[in-house]
Every structure is written in structure tokens, then in C-alpha cells.
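Before I ask anything, let me first share the structure, which is written out below as C-alpha cells.
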Amino acid sequence: MNILIINGPNLNLLGVREKSIYGNQSFDDYFKCLKDIFSDVSLSYFQSNSEGAIIDKLHEVGFSIDGIVLNAGAYTHTSLAIADAIAAINVPVVEVHISNVFKRETIRHHSFISSVCKGSIVGFGLDSYRLAVQSFHLLNEKS
Amino acid sequence: MNILIINGPNLNLLGVREKSIYGNQSFDDYFKCLKDIFSDVSLSYFQSNSEGAIIDKLHEVGFSIDGIVLNAGAYTHTSLAIADAIAAINVPVVEVHISNVFKRETIRHHSFISSVCKGSIVGFGLDSYRLAVQSFHLLNEKS
Amino acid sequence: MNILIINGPNLNLLGVREKSIYGNQSFDDYFKCLKDIFSDVSLSYFQSNSEGAIIDKLHEVGFSIDGIVLNAGAYTHTSLAIADAIAAINVPVVEVHISNVFKRETIRHHSFISSVCKGSIVGFGLDSYRLAVQSFHLLNEKS
Amino acid sequence: MNILIINGPNLNLLGVREKSIYGNQSFDDYFKCLKDIFSDVSLSYFQSNSEGAIIDKLHEVGFSIDGIVLNAGAYTHTSLAIADAIAAINVPVVEVHISNVFKRETIRHHSFISSVCKGSIVGFGLDSYRLAVQSFHLLNEKS
Amino acid sequence: MNILIINGPNLNLLGVREKSIYGNQSFDDYFKCLKDIFSDVSLSYFQSNSEGAIIDKLHEVGFSIDGIVLNAGAYTHTSLAIADAIAAINVPVVEVHISNVFKRETIRHHSFISSVCKGSIVGFGLDSYRLAVQSFHLLNEKS
Amino acid sequence: MNILIINGPNLNLLGVREKSIYGNQSFDDYFKCLKDIFSDVSLSYFQSNSEGAIIDKLHEVGFSIDGIVLNAGAYTHTSLAIADAIAAINVPVVEVHISNVFKRETIRHHSFISSVCKGSIVGFGLDSYRLAVQSFHLLNEKS
Amino acid sequence: MNILIINGPNLNLLGVREKSIYGNQSFDDYFKCLKDIFSDVSLSYFQSNSEGAIIDKLHEVGFSIDGIVLNAGAYTHTSLAIADAIAAINVPVVEVHISNVFKRETIRHHSFISSVCKGSIVGFGLDSYRLAVQSFHLLNEKS
Amino acid sequence: MNILIINGPNLNLLGVREKSIYGNQSFDDYFKCLKDIFSDVSLSYFQSNSEGAIIDKLHEVGFSIDGIVLNAGAYTHTSLAIADAIAAINVPVVEVHISNVFKRETIRHHSFISSVCKGSIVGFGLDSYRLAVQSFHLLNEKS
Amino acid sequence: MNILIINGPNLNLLGVREKSIYGNQSFDDYFKCLKDIFSDVSLSYFQSNSEGAIIDKLHEVGFSIDGIVLNAGAYTHTSLAIADAIAAINVPVVEVHISNVFKRETIRHHSFISSVCKGSIVGFGLDSYRLAVQSFHLLNEKS
Amino acid sequence: MNILIINGPNLNLLGVREKSIYGNQSFDDYFKCLKDIFSDVSLSYFQSNSEGAIIDKLHEVGFSIDGIVLNAGAYTHTSLAIADAIAAINVPVVEVHISNVFKRETIRHHSFISSVCKGSIVGFGLDSYRLAVQSFHLLNEKS
Amino acid sequence: MNILIINGPNLNLLGVREKSIYGNQSFDDYFKCLKDIFSDVSLSYFQSNSEGAIIDKLHEVGFSIDGIVLNAGAYTHTSLAIADAIAAINVPVVEVHISNVFKRETIRHHSFISSVCKGSIVGFGLDSYRLAVQSFHLLNEKS
Amino acid sequence: MNILIINGPNLNLLGVREKSIYGNQSFDDYFKCLKDIFSDVSLSYFQSNSEGAIIDKLHEVGFSIDGIVLNAGAYTHTSLAIADAIAAINVPVVEVHISNVFKRETIRHHSFISSVCKGSIVGFGLDSYRLAVQSFHLLNEKS
């Protein structure tokens, strides 16, 4: 099973900024743990601050791999183009958010991409990624 | 680990109505599977069509068990009182939805309870419950 | 032909309050007249001030009888859960209102249940119920 | 008892367009049936695609006959002038719609004329007209 | 003088939850003090988490006692049915809130029941109840 | 000086309906008085319930006479087409209303035509027409 | 007949600012002309930039004179307090505006005071005042 | 190929009003040029200021010719009834506008008819009509 | 204990206007009664129609006395500046309204000052002032 | 005549995704046909999923070529920056859309770029591009 | 160069209230520093809590001095009359705010006066005034 | 002191487009002057039309230099991602705009970034940049 995790804008700063809140762990470190946990899954990872680069990546892998875990960051709330990209590809996408976006400003309560994703996992910290990968596992199990 | 699953209005009809969509499996059957999967968790289950009864139940267990998985059905979108009950208790609550509510009518895009829950898991069919129980497991693992 | 009339909150006070407007006739008295008029229909009647109890009743009869006449009172304008219950059952439901709700405050202009009912009959006083029962009669006639 | 049925814009196409949905029956044919059913009522019928012509007709009959059954079609949702005409005349008007307008686009959920009509009957197919005529019958019975 | 205090959802948790904010005093304890202060008033008390049960109680006492003090909790902001019940009974109702609801989320700024109550007393802590009972006293004094 | 008064929908019923409010005077009678008062003005009068006919009339006279007094009735609040007609012609138009529209329903607070008229005179009963004719007189006086 | 003209904020600058638009005539000069035209009316004039001072003046004359002509300037669109003052006094008030406010920014399309005034005259330049005084004349004529 | 051009309200004034903007060319003159350009198309032309007359014309030709080019003028933004007429007929309709309506007031940004037309051509001056006829040509070419 | 009552715009007309509603009692008379009732409180009274004067007064007393009872009249609904003044001073302010503002026009349902006051007392007639003074008494009692 | 066609996000997938709807033809193939049809026009083509790259391209060609045909895809509905780029350059831009965007979700009904383009052509499938190029042709013809 | 600083409501309390936030420095003290820094500018200062007095002052100096620095406090968000005064005078006005108003409640995000001022300087503490005076300096330098 | 000026989309066209408005001066030329004025500041400059590139740059310098002056152009009004980047870095950011954005279309009145910047300087032409650099100077002076 091939799964790609895509992180959107500012998520490259995890572990650098606001350590008291987010901890010292960078996403690279977390990603290594994740690979250990899901040793039977071929996990890869991509990050970009550019809306266009995220769309390019979705097109690139969107007809061949088994699943995409997408944390689109702030683009979640402003990008219809990413939503269209998700709708255009065949690979199922699971939306994740580290924080509970519904506790934050109103603009973060609306997601352009929820309605074109398979499902959403919100608010479990970095565990949101783990549960998302797990959801593809369950799917696999059944088929 | 003690976890209670609470289902809100109309979810007692699972497996009875619209079988072509939801399948033949009633929630009782699914619940048995769930207990098998999480054999180390003490899982229990409660369903009611009454807003007041759901609040009563949240109060009853909300200071003693380890976690609550809540699918509040339509009350998700209309009940400030259930949200207040969640905020008033100590036990963490995870919100789940079977269908992807963001693909449905606008009124179902707003949840009164998301902002007072630990997190939300939306759109994975009955697997949403499994991922929710799993999320408490992860939490447990760490502490 | 089996038809159930369901009345929602505060409709138990008909004939008690504001007699100058609503008259001295309680719904029980009116119901007796209705049974006389439709002597070939098996009419029954249920009232509750509780949203949950109305949903329970809809589930109970919603797969077996021939028609439901529903005056959901104020829940018409606030209950998505009752709307979901109507959508989940097989028996057709006709929405009725005694007064012309469109002459009243703005909140009463929107009904959560209209879109899941077969039809709506609004503003004919207690005759709204009679026309609703009549509408099932017409249906019956044709089949 | 003299009753006039007024049909607004595009209702002259009944039985011509979309036969699979509306059937082969033109309103003229249906109107003949209606006259048979209500043999003791003097029923007449008027149709126009023009807002002004509908107002003219309401003025013409609005101080002399016993009741008006009005399906204003799309003008229901855009014409304050027809609403004013109804408010200005003495004859009671019953609003009807063939389809359940509350299942359709948002603009069709608001009616300018509901608040000045005696009552509304919505969603019973062509039977909506029959129930409307019936409602005047009931009124007559009592006086 | 007979006065009933009605408390809505989650108010049974006073003195249990968030003691640093609300203090250690349960409403039962406070109620005893209140009875001591107003020794010439027959005070009684009812609490429920169910919208329907609150309506039932309003109907039960609403034509016989002298006044009702109502803290409808979250139902204040979502229940048109309770507002209709207040409008339907004869006994005057005074709305109270412990906290200053206008300092909280926007949804708590609108009350369905204010417009059908005699008056509102908001933000004085538990003293809001005392001032409400006092308001009936003043009324009594004058008549 | 040639001035045309145009009355829109339902204004032909003046003096017929609601006499206790509007009096026994038809607009024809009032128009005779107006001609007496302004004996040096060539006054004429047109009424129609049809939006299209009002536009036709505005085109017909809109490049030749000295002024138009327009009470567009309900079309004031719904007709962009009449507003466009006023903007397209050369003759200045003064908007009048008999009643104070700002005391009535919200929809009557917005006028499509105010912004393309020379000015508006609202709320002086039938005297609104007299003041409007007077306003053209003043203009004439100066030039 | 005693009539007071009240001008609100910034209207003291007439004839000083933007002469190409408003002309060289100050309101004082215009007021002299107005007194000449209405030689049988006792006209007086008051201007203030202060909301409170305008309310004070309305109270002072509002129970004794025959009419008030009010151009509240920008307070038209922001002052509920002036509207309340007009509603509280006995003397009829006519609202005037020099420019056609409906051609300007959206905020100027809503007037707090229109609904409590006898009528409104908008867009006739300084002639708006003359027509307003004239309107009291007509009233006088009839009584 | 039979194509009808329908022009709505005020478009009869082209070439008469505001010549500096729209030029001296009346639509009749332009129509002649159009017929020359499309010599193999049977082009006809209809104009009315009446909403009802436009609907009548759409019904008359809407089941027999090959295409309709519609500039509904201001009715574009207010007429649901014309939209319903387009939806009810079989002949494809192309919406055109001479000016770029999106550069004008907000109300002109919304079209009731766009969603029921085949396509829209906006802002090319009188050439919008030519491109619209051309679009039917292309269609024809392929079949 | 020193307490100041501040009345805003138009409240100086109490007892003068609309006597059938508000009675013959001026606020001065009522104030005398209030002083008799609270003989142990040093009560004073200030009224102004000017927003600025009310702010000046709040500043003047806002760091020295024990409590302020404020009926800001129409400024309640339009003055952010008075709200800022209340937030800036140390003395607690209780908001009062004579009538039930929630029964009146929508604009009166929102108060700028509620969220910066200690509490609000609404709808008890002149008794609202008495209950407000009482609320400071209770506070005093406890400390 | 030099004309550039710019395609925005996801339009590179034409002919790859959803072939049953869009057909097997890639835009490259279609572009070749277009070049054949307009043999006297120097047509070129650019596609990017990046908002910034589209702006860069508009700047690059926006002061030298004869026309731009722009299908901005989802950026149509979210990009003020592209709209600003169009407004800043000299070359006229024609907006095109393949599908009828007005039949789709509400967010696609608003275009940021329509008001700064010369015109819009919407809903003619790939023919929208052909009509757009044609529109520049007509322009050329005249000059 | 003559420059006047105008401070609106509650700004007289600087240095008195909330010292931990705003510091011990009164505006008078700060003003002395400012005069030292800009020794070649004739700086003066005015403060009022009254909207009318601020307008009076703007009129008084608005045709003679070189610049006005205005912190209108809460009137920024509610006073169209002050905006009109700024538009009516010749002297350029620079808007300043001490705090970053965009971090505060929504009502403070809209300013009535920004659009009629030369520019705005927001969020630099008391330095906002210094930068504003500096901006006039730069202007002067160039001319 | 190290300060970076970042310019967003379309600002590279300064001095190229609309010279009559913006003058002949390119930003490069202006930047040279700025360096001369602030000879003790290490000023650098970056421009991009890409949202992602601006975020990348903010991350790159956002933990090391002394200040950022940001004119985000149209992204000011649409980019939550840039706002998040500003919130995530340590270096203070000052928002600038050349024109007075509050005089332009409504969409430009809202800025996503104001609330996360230190302050905003709007409307002073190119001097806005100078005042922004000056603001960092003041800050420096004090520490």
C-alpha cells in the first residue's frame, strides 16, 4: 500500500515555532515514527507553501497510489483550486488537521476540501495523521 | 479503559432503513464486532432520540469513565444544550459522523459540538466509530 | 386505511387558552367529529411536548400505517431531528398548521419538515386536519 | 358558489412539456374532471403569463365571487404587486402549488402571497386544486 | 404568594463543575437560603434537562400559581417551543441568567423567551434569582 | 407646461377599497381637483397594472413633455426595468407615494427607482401628487 | 402658523464649501427668501452639529408649534435617539434632504427618522425646504 | 436553420438614447447587417417591454425552431418566470448582453436565466449577438 | 453607599408624554420615592440628551462612588463610546430598561453596553431602577 | 494578430479525467484544430496550476500582443491578484469557461475577473475558446 | 507648519486607567515630548467626548491650518457626521489609532472616516501620532 | 538594523503602468532614495507574484532580521496562508499600502494580515514605505 502525506503552508515550521505548544518534534521526526508504526505501508511525504505546487503533486500521484493524507493548512479555507484537483483525481484523499479548527476563528470553520474528501480527522494533534493512515488500512483489510 | 458510545436521534434505524445504502448491519451487530476488535476496552453503548436523555447520560458518566464517542445525529446541528453538557463534564468526547456531512445540506456543515470536543472524525462509514475508539487507545498508550 | 394525527408542543392547550381566538373546542372534541366524517378511516391521535417522543412515535408507526398528519408546532421551525425521522420512514407525512404561519414572525416562515413531507396544508384553522386526511383519501381512491 | 381558478406563467404548458413527469393530462382536461367532481360549484378558469393581466383579473372578480384558487407560478416568488392585489380585494384566495416548492431552489421557499392568502396547499400534484376547492366547500357548509 | 423556580439543562451541575468559577454551593443549598430570605413566599423548585419536561411543567402550573422564575439555560437560545408555552399560559414569567450572557458567544446574545417574559435579569450570579423573586414581591405590594 | 401622472398597480382601486382609510375619493375625482389648482399646467393621467405598459408609456412621452409624476406602487420595490426606462428617457421623473412606505414592511423601504428620479415625495396622502406637480412649477419659475 | 426648520451636522457650511456644487448661497440667505415667500408663516431656524442639542430643541418646541422641517444630515442614518425624540413629541415633523440620498453610498439609503415623520421630501435641492413648508400649508388649508 | 433574437425591456431605444455611448445604429439597422452576414440562417427578431409577452413568444417558438438568442435586459435580474419558460421549452437559448454587466451595479451581477441557458456571451457590444448566432452555427456544423 | 442614576435621551419626558402608557409620574417624583425606600443609600440623579455629556459624567464619578444605574435610552443601541467609557472606569454599572426592549423593533434587541456592565434588568417598568439599586445592596451585604 | 490562450488550474487534465463527460480530446489536440481554423492568427498556449505563474505570464505578454483568452479555472472565483494583473496590462482579455458555471455551486457564480475583462463567454464547451478568438477577429475586422 | 491633534471620546483617560497596559504617561506629557521632537512645527491639541464638539472644531480649523491628526476613538466606528465634516473641509486629515483595532471586536474593523482621510496609521502605540505628524513633514518637504 | 521590504503581486509594474497616476518612478528607483534616507539601516527588497514564494521568504528571514515591511497587494485580501506565516515568525511585520484601500471596492476594506501585524500604514503613496521603516527606527531608539 502506497500512501502520500501532503502538508500545506507553514507546516514546515513544526518543531521550530511555538515549541511550548507544538513540542520539539519536527514533522520529519514524527514521520520516521509513523513509518515504524506502519511498517507494511510505503509512506512518503511532501510539503509546500505554494498552492500550485500542491495541485501539481496531487495530479502527479492522483492516478496511481492508494491514498493521500492532506493537511492543506490555511489553503483549506481559501483554495477552491485544490478542491477541484482532489475532485479530478482517482485516489481517495483524507483531510487532517492537527488542532481543532472549530475552536479557532470563524474563517477556519469552513473547509473547501471536506466535501470532496473521503473523510476528515480533526483535532487529535499529530495523531490525526496516524488515524488517517489507519483509515486506509481498514479499507484495505476489507477488500 | 471504559468507553461509552452515544448515538443520537434516528440512529436506532441503522440496518432497518435504506439498506442499499447503509447495508443490512444494525448498530447492535456492528457493536459486537467492535467489542471483539477492542477486547481490552470496556465498551458500552447508549442510544436515545431525546436531547434531554442524552444530556442526562453525559452527566451520569461524564466524571468517571475514560472516553465518550458521540454521534449526536441531527442534534449536532441544533443543540447548544448538548454542547454545554460536553463542556461541563471532565471526560473527553470525540465527535463522529458516519456520512460526510460536508457533502450534504448547508445546515449540516455547522456543528455546535465540534468546538467543545477533543476532535472530530467524519465520513468513514461505521469505521468512524472504530477510529474514534482507536484515538482513545493512542492517548492511553502515551500516558 | 390507518391514519395517525400527531400534534407537537403546546397543542394540548387548544380549547383551554385564548378561547376567543381558538374557540371552546378542545382537540379531543374536534377529533371525535373528524372520526364521524371519515367513518371508513381508522383514525388515531397522539400528542407530545417532547421532540424525542415525537421521533419515537414516528419510528413506531412509520413502517406500517397508511399516512401521518403532523402538526409539529414550534418544532416545525427548530427540529432537524424530526425532519430526519420523516425522511427515514416509509409512511407519507402531510404537514398541517392551524394558523397561517406566513402571517406571523419571520422564524415561523421556515419549516424544517416541509421538504421531507408529501405536502403542506396551512391556514385553514382546524379544517387543515380535515383537508389533510382528505388528501390521503384521494390518493387511496386512485390506487 | 362561484369559484375561479387562476393559473400563472408557464402553467399553460402542462401536459405538453415533460410528460414523463407531469403526465399527458393538460389542465383543460383536469379542469373538466374537477367540474364533474364539484357539480354544485360554478367553477371557471383563467390563465395568463402576464403579471398585469393576473392583477386585472383579480380586480375584476375580487368583489363579487365566492373564492379564488391561485397558482401564481414563478410570480409567487417575485410579485409584490399580485400580493397587493390580493390584499385589496374582498374575495378569499387560496394559494396552491402542484409540486412541493420547499424541495426546490431556495428562491422558491419564499412566497410573497402566502401572508395575504387565506391558506396554502402545497405539493399534492393536481390534487392541490381539488383540496383548495374543497376548502371553500367546508367554509360554505358551516355558514 | 406561590412562586416556582424552573432551571433548564446543565444547571443541575452547579456546585459540582468548575467550582473555582461557580463556587461550592449547589443550587439546592442556595435554594434553602432563598426560602429563608423570602419566608412569606411559598417557593418551589424544578429542574430538567428535557425541553419537553419544561413545557409540561409550565403547562401544569401556568394557570394557577403567582409567578415563575425561569433560567432556561441553553434552551433560551434554541427553543421556540418553550417561548410558545410561556405565551400560552397566564402566569407571568421572569427570565434569569447567572452569568452575563452578553459577554459570551454570539449565539447566547439572542433569547427566544425574552419577548414573551415579563422581564429579564441577567448577570448577577445567583442573586439574579433573588432579584427575580423580589420583582414579584414588588408587584404584589402594589396590588 | 405638460405633465403626466403615471399610477402603477392597484392604484385604480383608490376610493373603492378600504374607504375608511383612503376615503371615498377616487383618483379620477382627485385628478379633477388637481387640474383646477394647476390651471396653467396641462396635466394628464395614465394608470396600468402592467409593468410593460408603464415602460411603454414612459418611452412614449419621455422625450417630449416637461415632467412625469410616478407612483409605481408595488413595482417601486421589484422593477429594475422601470428604473432603466426612467434612466433612458430625458424627461425628469418625480417619485411619489401616498402612504409613508417607511412605516410598512421592510421590502417597501427599498425603491429601485429613487436613484434615477429627480426626487421623492413620500407620505403626504394624495397631497404627495400636488407637491410633486408643485416641484416642477418651481423649476419652471427659475428657468 | 409657527414652523421651525432644524438643520443637523455640517449644514452650517452651505455656501462655504464646494460652491461649484451647492452655489454661493448660504442657508441664511436662502432662509430670508423663504420668509418672503411664506409671509403668512412665522418661520424660525436652528442649526447644530450636536445630536443632543437637536434632541433638546425638538423637546423644547415639540409640544407648542405647528410644524418642524428637519434635515438631520448624517444623523439621519445613525441616530435612533433623534427618531425617539420625534416619536415622543406632538408636533408633526417633515424630513427633507437637499441631495438625492438614494444616489449616494448605501448607508445613506436607510433613514432612522423616516418612519416616525409625517413624510419625506428628498432631492429637490434647497427647494426641498420650500416644498416641506408648503406641505404644512396644505394641511392648514384643509382644517 | 431558424433562429429568433428576442430583446427585452428598453432595448427598443437603442440608437435613440445616449447616442454618444451606443452610437446612431438602431437595432433594426444592426439586424439587417446580421442577416447579411448569416445569409444561410433564417433570422427573425422580436422585442417587448412586457415580461408576459416575452414568455408567450418563448412558448410560441420554443418547440419548433433551432435556437433563440435572448437579451432579457433588466428582466435578466428579476424574472424567475422567464427562467421557468426557458427551462420548459426544448429549443436551446443563448443569453447575451451588450455591456459588461459585471462592471455595473451589484444587482446586475446575478442572472436568473444563466443557469437554464446553454451559454452566455457578455460584454462584446452588438457583436455579442453575432457571436451568439455563430455559436448555433458551430453546433450545426458538428451534427 | 453612593449610587448615581444616569438617564439618557428622551427620558426627561417621562410623565409628560404618552401618559396613558407611562402614567402621570415624572422621574423626579419617582426618584423621591426611591430615596425614601433606600434611606441608607446616598442616591443622586443625572439626565442628559447628549452622548458626550453622559461620557463626561461617567468619567467624573467613575473612580469614586459605589455604583451606577444606567438607562442609556436609544444610545444603548448606537453608542460604542458610552460602552468604552463604562469599560474604562472602575465603578460597576447596572443597565436598566423600563420597557421590555426585546418586544420592540430589532435594533433595540442589541445593546452595546450589556457586555461591559455588571448585569442588566429589563422590562419591570420603573421598578427596574429599584431592583438595580437593590442589586448593589446585596453586593454590599456580602462584603 | 497574436493571441495567447491561458488555462488555469486543473485544465491540464482535460482528456485524462472523466472522459465520458469531457471526451477523449486533450486540450493540446483541440488547440491544433483551433490553429487550423484560425490560420491567419498567431495562436499560442500556456497552462499553469500556479496563481503566481499566471500573473507572471499576463505581465510578460500584456503590453505587446493583441489579445488574451483566459480560462482561470477555480482562480476565477478566488483570485483578486489575477484580476489586478488584468486591470494593470493593456492587452484586452476575454474570459471563457467550458461548462456553464452558473449551473454549478454558488461560489462559482461570482467571478473576480469578469469586471476587468472585455467580455465573457460561458458554457459552450471547448467552443467557448473558438468564440473568444472569433471575438478578437471581429474587433480586428472593424479597425 | 500648523498641525492640530484631535482626540475623541475616552482618550482623556490615558495615563489614568489601566496603567499596566497604557503606562503612566498622560497624553499631556506625551504631547510635550512631541512638541520637542517637532520643534519646527506649531502643534496644538484638542480633546472632547462629544461628537458635535469634534465636528465644530474640524469646521473651525478646517480651512486654515496645514494638517489634522485625528484619533476619533469609538466615534471612528459609529459617526458618519464626523466623516462628512472631514469631507467638507480643505485641510488634510490623518487617522491614527494607538492599538491595533483589527485585533479587537469586529465593530472596530470598520472605520467611517478612513475613506475620507488622506491616510491611516494604526497600532504603533503613542508613536502612531508621531508618524502622523511625520507624514505631514514629508509632504511639506516635497512642496 | 536589518529590514526587508516585501512587495506582493503586480507591484513589479510600478512606473510601467498608469504613469499618469503612479508617476514614472519604478520601485527600484524609489528603493535607492529610501536607502539614502536611512543610511544607517541595512535595507533589502524582495518582490514576487506568488503567494507561496512570499511565504517562503517570510520563513527564511522571519527568525533573524529586525523588521519586515510588507505590501501584500491583492493577497492582503485573500491570503490566510500569508497571515499564518506572519503569526508563525518572530520578526515584527508592518503592513503598508500605497493607495487608500478604504476608498476602493469593498473587498479591499478587509485585510487578512492586519490583525497579525504590528501596525498598518495606509494611503501615503510611496511615503507609506518610508513611514514604515521610520516606525522600526523609533522602536530601536527606545530599546
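For reference, chains read A, B, C, D, E, F, G, H, I, J, K and L in written order, and residue numbers begin at 1 within each chain.
Keep in mind that, in the parts below, contacts are C-beta pairs under 8 Å (C-beta built on N, C-alpha and C of every residue); 3 or more make two chains touch, one makes a residue touch a chain.
None of the values given here were measured: they were computed from a predicted structure.
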Graph separation of chain H and chain L (steps between touching chains): 2
Mutual neighbours - chains that touch chain B and chain L alike: A
For chain A placed onto chain I, the superposition rotation in degrees, Cα atoms, nearest 5: 120
Chain pair repeating B-C, as identified from E-I, F-G or A-J when over half of the contact pairs by residue number coincide: A-J
Approximate Å spacing (C-alpha centroids) for the pair chain C, chain E: 32
Whole-Å gap between the CA centroids of chain A and chain B: 23
Averaged-CA centre spacing for the pair chain I and chain B, given as whole angstrom: 48
Centroid distance [mean C-alpha coordinates] between chain L and chain D, Å: 63
Shared-contact residues (touching 2 or more other chains) in chain L: 50-53, 78
Touch relationships between chains, expressed as pairs: A-B, A-J, A-L, B-C, B-E, C-D, C-E, D-F, D-H, E-I, F-G, F-H, G-I, G-K, H-J, I-K, J-L, K-L
Interface residues, chain E side, partner chain B - complex: 8-10, 12-13, 16-18, 48-53, 73-75, 77-78, 107
Residue numbers on chain E that touch chain C, as the complex places them: 50-53, 55-56, 59, 63, 78-81, 83-85, 88-89
Residue numbers on chain L that touch chain K, as the complex places them: 100, 102-103, 109-111, 114-115, 117-124, 127-128, 130-131, 134-135, 138-139
